[in-house]
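By written order: A, B, C and D. Residues from 1 in each chain.
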Amino acid sequence: MGAAIHREICVTNETENLHKVREFVSAAVQDSAVPREEQNKVILAVDEAVANVMEHAYEGTLGGSIRVRIESDERRFEVLIRDHGRRFDPGRIVDPDIEAHVRAGRKNGLGVFLMRQIMDKVDYDFRDEAENRLTLVKFLGADR
Amino acid sequence: MPDLNITCEPRGDGLTFLTAEGFLDAHTFEKMEKTINALFDEGKYKLVVGLEKLDYISSAGAGVFIGAIGVAQENNGNLVLLNPTPNVKEVFDLLGLTQIFPIVGSEAEATAFFG
Amino acid sequence: MGAAIHREICVTNETENLHKVREFVSAAVQDSAVPREEQNKVILAVDEAVANVMEHAYEGTLGGSIRVRIESDERRFEVLIRDHGRRFDPGRIVDPDIEAHVRAGRKNGLGVFLMRQIMDKVDYDFRDEAENRLTLVKFLGADR
Amino acid sequence: MPDLNITCEPRGDGLTFLTAEGFLDAHTFEKMEKTINALFDEGKYKLVVGLEKLDYISSAGAGVFIGAIGVAQENNGNLVLLNPTPNVKEVFDLLGLTQIFPIVGSEAEATAFFG
């Protein structure tokens, strides 16, 4: 628990692969210094990010690749999510008004908000004109 | 494969009891959405959703309930959540939904809610 | 115009086939005694019925067959829609309250209502434990 | 294949003009839904949808606008329909939607509506 972690998984963009991603993250948080009561939330944040890529980045085509890399030590739990779908910067997404959502019966548009609620950093970068890179970081220990 | 199982039991008093078991995520939410919509289409708007066996919910899953509660209320019904597990309850908290959805701890409380 | 019509088309349950069905019905109404101002509505009613079979009857599997048969004379325009998906009686569907739909942001649940608004008869029958048969009839001429 | 083409033009005054061309049915409605949702997610809630080139709409298509108008209004916006063709207008009539949606005949009227 708390030892350095470097792991990677690669899935294609069918939503049925979400549970594999969650199991991968679940094993990693359990081996990490992420406090027990934060573990489910971290799994959720990654699930939201990967679900977004699955649902939006490849615009309906299947077989698109998604790589999820986890790096963790006593100071941070960091997840890098990479895909080759369309460019998308979650920084453009405005925080939702949940009560308005409910009153209007709006079902979507909460994933980016949840990611931001849970993680300490949500950084987007577009690399080499070909790769979307989303980094989610949770600070641990003294850095919290 | 981990998935979502739904059961659905209309009762004599006009309430319909649903249970959701497993994982309610971006892969499975449509199953729940279709189930609830089919009840609405038949005029059943008083729903109690048992969540005691739901292991996981993400925003796509919560979104189904967000979309449904207004429809239920607009038609003299409601959508009551019964016994969410701590994990699921926490997601509702994060989304600010615990103030919005009626959450009860027993079938009797759910029945009383619709009184 | 107004001569007896017997025609049939068979499509599979991919929604991209809806336009073929509409073109088939469009040609038939134009050759029928359906008044010009009613023709688009009849096309719409059939589109709604077939879209329902495509979206709901085969529960996510593709390649399910749908047959649409048109019989028409000076007295009626009749459409028989057959599929082998799950049993479904539109008679169970309650008419929606449109304002409540709008206030609640509900997007679906209007197809059966439209069919009933447009056609004079919407009859469902389950034949031989294996075939759903939905009959839509518009009465014409003196029978209107 | 007959399909749906959407254009989308955000303007300086905070309004976004969309146009829908072709067929808005159970096959194509998700394209329109995604376009509108993406605008909402960016905080753009004042929408004008040009329908003068829309040949056909079914309940699935109308449903997109039904679902969207409340979201727009809840966020200080609205969803205005511009110049529907007679066929499309008739479907809105059948559904009882012509009383509910603002329908205008020109871009100037749409701009004035948001005044």
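Some points to look at:
Here is the rule we use: contacts are C-beta pairs under 8 Å (C-beta built on N, C-alpha and C of every residue); 3 or more make two chains touch, one makes a residue touch a chain.
These figures come from a predicted structure and were not determined experimentally.
When the interfaces B-C and C-D are ranked by C-beta pairs in contact, the top one is C-D. Rounded to whole angstrom units, the spacing between the C-alpha centres of chain A and chain C is 44.
With each centre defined as the average position of its C-alpha atoms, the distance from chain B to chain C rounds to 32 Å. If you average the Cα atoms of chain C and of chain D, the two centres end up 26 Å apart. Contacts with at least two other chains are made by residues 67, 70-71 of chain D. Multi-chain contact residues of chain C, defined as those touching 2 or more other chains: 101, 103-106, 108.
Chain contacts in this assembly follow no simple pattern; the graph is neither a line, a ring, a star nor complete. Every pair of chains that touch is listed here: A-B, A-C, A-D, B-C, C-D. Chain contact summary for the complex, chain D toward chain A: residues 34, 37, 40-43, 67, 70-71, 73-75.
For chain A in complex with chain B, the touching residues are 15-16, 18-19, 22, 40-41, 44, 47-48, 51, 54-55, 98-99, 101-108, 110-111, 113-114, 117-118. For chain B in complex with chain A, the residues that touch the partner chain are 1-2, 23, 25-27, 33, 56, 58-60, 62-64, 66-71, 87, 90-91, 94-97, 100. Note for the complex: chain A touches chain C at residues 104-106.
By the touch criterion given at the top, residues 56, 92-94, 97, 100-101, 103-106, 108-109, 112 of chain A touch chain D in their complex.
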